[in-house]
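In the part that follows, the structures are each spelled out as structure tokens.
In the two complexes that follow, chain A is the common piece, with chain B as its partner first and chain C second.
Then we have the complex of A and B:
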């Protein structure tokens, strides 16, 4: 379990803390979506999870290992895969397989096992057969899936993704979402930071951050029933969620909240 | 306007030379260089020339590409010839005389010898980069430099830097192109005026390009740390380059030939 407890992060020279007493847990096989406006502390929280950043106060532990423990650093990082927003900037290798191999190479995984891990990871993200492809010849969606494969090759128990779809088009988004869903079902714990509530709809839990504090924690659907509340924290609801909420406010009985136009139409007809 | 990328000189054809390990080829270049410097007469050079011609033929690198390096050196070659061949007011008898300027027979021969030696060196050594991809070269270099780690030379880190540089060349070129287009859309002209003015026109391209590069470097550092990069020590390799028996045999044979020719001729 990733266990963030009362974490506080103050960047040097900043007026207010980037994170102000945040507590959050993530278990294997669980998917947590995190939303919040820019500057709400989402990326800071993500970086706490794999010891890229240490809390100024409070603790962060991964499967019982404190991230401040220098001895456990590499164990923590190999257990928590990290994927960033820009697909281009996190690819190290000159061809796909070399990039996927980078993590396990650093861990000193021997050659035979290394090859198996690389091929498995590429397969898991749907890039089987692209071993020798050069990164700049991949689409953005493929690049981001390659980055996920690079994290998977370390066989992590958790995956922290900091707005992995922000720079992707619709196709790319769908590709990444499908991969994340499969991984969750296979038992990887997923912390998915996003701006799109629609992407968070499948998550087991939704967390909204604002000014370094958690302002909502619950089911994604719970938030969708509260458009005004969501709006206050810079979360844009899908159109249909806003519509159903307004219909209900006007006393029209529709089951809330719904995401696709078809089920709304059906409910109204009934 | 396209930004040209000089991306290596690798000639992608299949040949026995291409198939050799990069480390083997580096060894061959070293042996060849030593051989060329050891021979001290035209018979020796002739043998070396034969070796070069045969190797180029086997490598299937087109001739006009193989001798490209010589053309770039034509000024140095001409200078070598003239420096050795021309005499000012010589006391001895010479071949041709033009006022105080004279062409000196033995001097000219020496000039031809040195010029031929430079040509052979250039053509022979350029075969390394013509038949080896930059990535293979970097890997080979890491292995060849590894003994230097004893004196704390960071061989693994240097190789990693080179690999990352190679990886980001196409990305950076694409970005430069994007910025050039963006600046052109705002009225910047890159095709006007003399060389200085043109160079200055590229400042508005270079500044955003470098800012973006720094940003990239930060992201990349995070990505590398996240994936447990901690320097070259303890790293294993997915595609470790290995020297096969054919590599060792080629290297041994070529080194023996070079020493024999160098000593005998």
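Then we have the complex of A and C:
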């Protein structure tokens, strides 16, 4: 389990803490979505999970290992995969397969196993067959998926993704969402930072951060039923959730937020 | 006076045996006061098109002209401003203000710092609070807004933006969309996006690309009439708009499509009442 307890982070020269006493757990096989306005502390919290950043106060532990323990650093980092917002900052290989192989190769994974991991990871993100493609010839969305493959090849117990789909189109987002769901079902703990509540709909748990504090913890659909509350914390409700809430207020029988146009038109003209 | 492309095509790595045919057969017209939305899936050639229009790539086929000259010509300098997807890759100055002021200063603006401060305010970054900071200390959303301010400060007659709202929260998106649509008062604006939701209500024209080739080129109203063809090319309109188009398809009388969800709810309720 990743266990963040009363974590506080103060950046040098900052007026207020980036994180102000945050507690959060992530278990294997669980997916947690995290939303919040820019500057709410989401990325800071993500970086605490694999010791890219250490808390100024409070503790962060990964499967019982304190992230401040320098001896445990490699163990912590190999258990917690990390995918950043900008894939260009994480791509190191000259061709796709080399990039994906970089992590596990460094861990000394034998050649046969390495080949399998690389191919599996590329396939999982929809880049099968692109093994020899040079990263700069990939589109930005494909680069993002390559970065995810690089983290997957490490076979981490937890995967922390900081807005991994910000640059992807609807198809790419759906692919990544499917990958994350499969990984979750296979027992990986997923912490998915996103701006899109619609993307968080599949998560087991939703956490909303505002000014370094957790202001909502519950189910994604629970928050969709609270448009005013969501708006206050810089969370956009999916437009379709707003539309269905309006229709419900006007007496149309739509018991739960409907996110697709077909269902709404059916409900209106049935 | 316009930014024009005819028969535009581009092959990455041309002649190497590993060439990738990224764009072909694209015509493009952008005049001052217009907003054009370039839609398409990831890898459809949208960003390549912007780079060609800005003169950062030379076309493999066809031509680009900016007010009659090639975009890389000296006389076209400062006429096309571009904001890339990754704002971090654009910063180089020590402070946010200096970074944003660099473009207008280089183009001979009288008081570049004032122009820069205005541009920062336009994207919702308080120049007093952010102007003196290092660009490297900005959060992702702030960095994106600062990069857009840098392009606005150029006051170029043509403004090209690649996914300007990616990674922004709702407030940031509203600020940026307002700043960009306001630019239409003095410039032609082309916005590349895979989510046409945000700019569709302000767009004069939509160009949709799929696998490097145009699949739709026309007005927003024409796009709505052809939405099934648009979807069969793998593109998708905002779900709220789709609901109204699906209702229309079933025979509901919907003269005007609502873009905002509350407006869409009113439109749908009115159409439903009328039929009964």
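Here is the rule we go by: the second predicted complex is superposed on the first by the 245 of 270 C-alpha atoms of A that agree within 3 Å, B and C clash if a C-alpha of one lies under 4 Å from a C-alpha of the other, contacts with A are read in each partner's own complex, and residues count from 1 in each chain.
Rule of thumb we're sticking to: a contact is a pair of C-beta atoms (placed from the backbone, for glycine too) under 8 Å apart; a residue touches a chain by one contact, two chains touch by 3 or more.
Treat the numbers as computed from the prediction; the structure is a model and nothing was measured.
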First (chain B), second (chain C), both or neither touched by A:110: first
Touching partner for A:186 - first (chain B), second (chain C), both, neither: neither
Which superposed partner A:69 touches (first chain B, second chain C, both, neither): neither
Touched partner set for A:97, first chain B, second chain C, both or neither: first
Which of chain B and chain C A:86 touches, first, second, both or neither: both
Touching partner for A:154 - first (chain B), second (chain C), both, neither: first
Chain B versus chain C as contact partner of A:50, first or second or both or neither: first
Touched partner set for A:246, first chain B, second chain C, both or neither: second
Intersection of the chain A residues that touch chain B with those that touch chain C: 86, 88-89, 134
List of chain C residues in touch with chain A within their complex: 12-13, 18, 20, 40-43, 47, 85-86, 88-89, 139-142, 163, 166-173, 194-195, 197, 234, 236, 238-240, 242-243, 245-247, 250, 252, 260-262, 264-266, 268-269, 272, 275
Interface residues, chain A side, partner chain B - complex: 47, 50, 52, 74, 77-78, 81-82, 84, 86, 88-95, 97-98, 101-111, 114-115, 118, 134-136, 147, 150-151, 154
Interface residues, chain A side, partner chain C - complex: 36-39, 43, 85-86, 88-89, 134, 137-142, 163, 166-172, 195, 231, 234-236, 238-240, 242-243, 246-247, 250, 252, 259-262, 264-265, 268-269
Residues of chain B that touch chain A when the two form their complex: 135, 163-164, 166-167, 170-171, 174, 215-216, 219-220, 222-230, 234-240
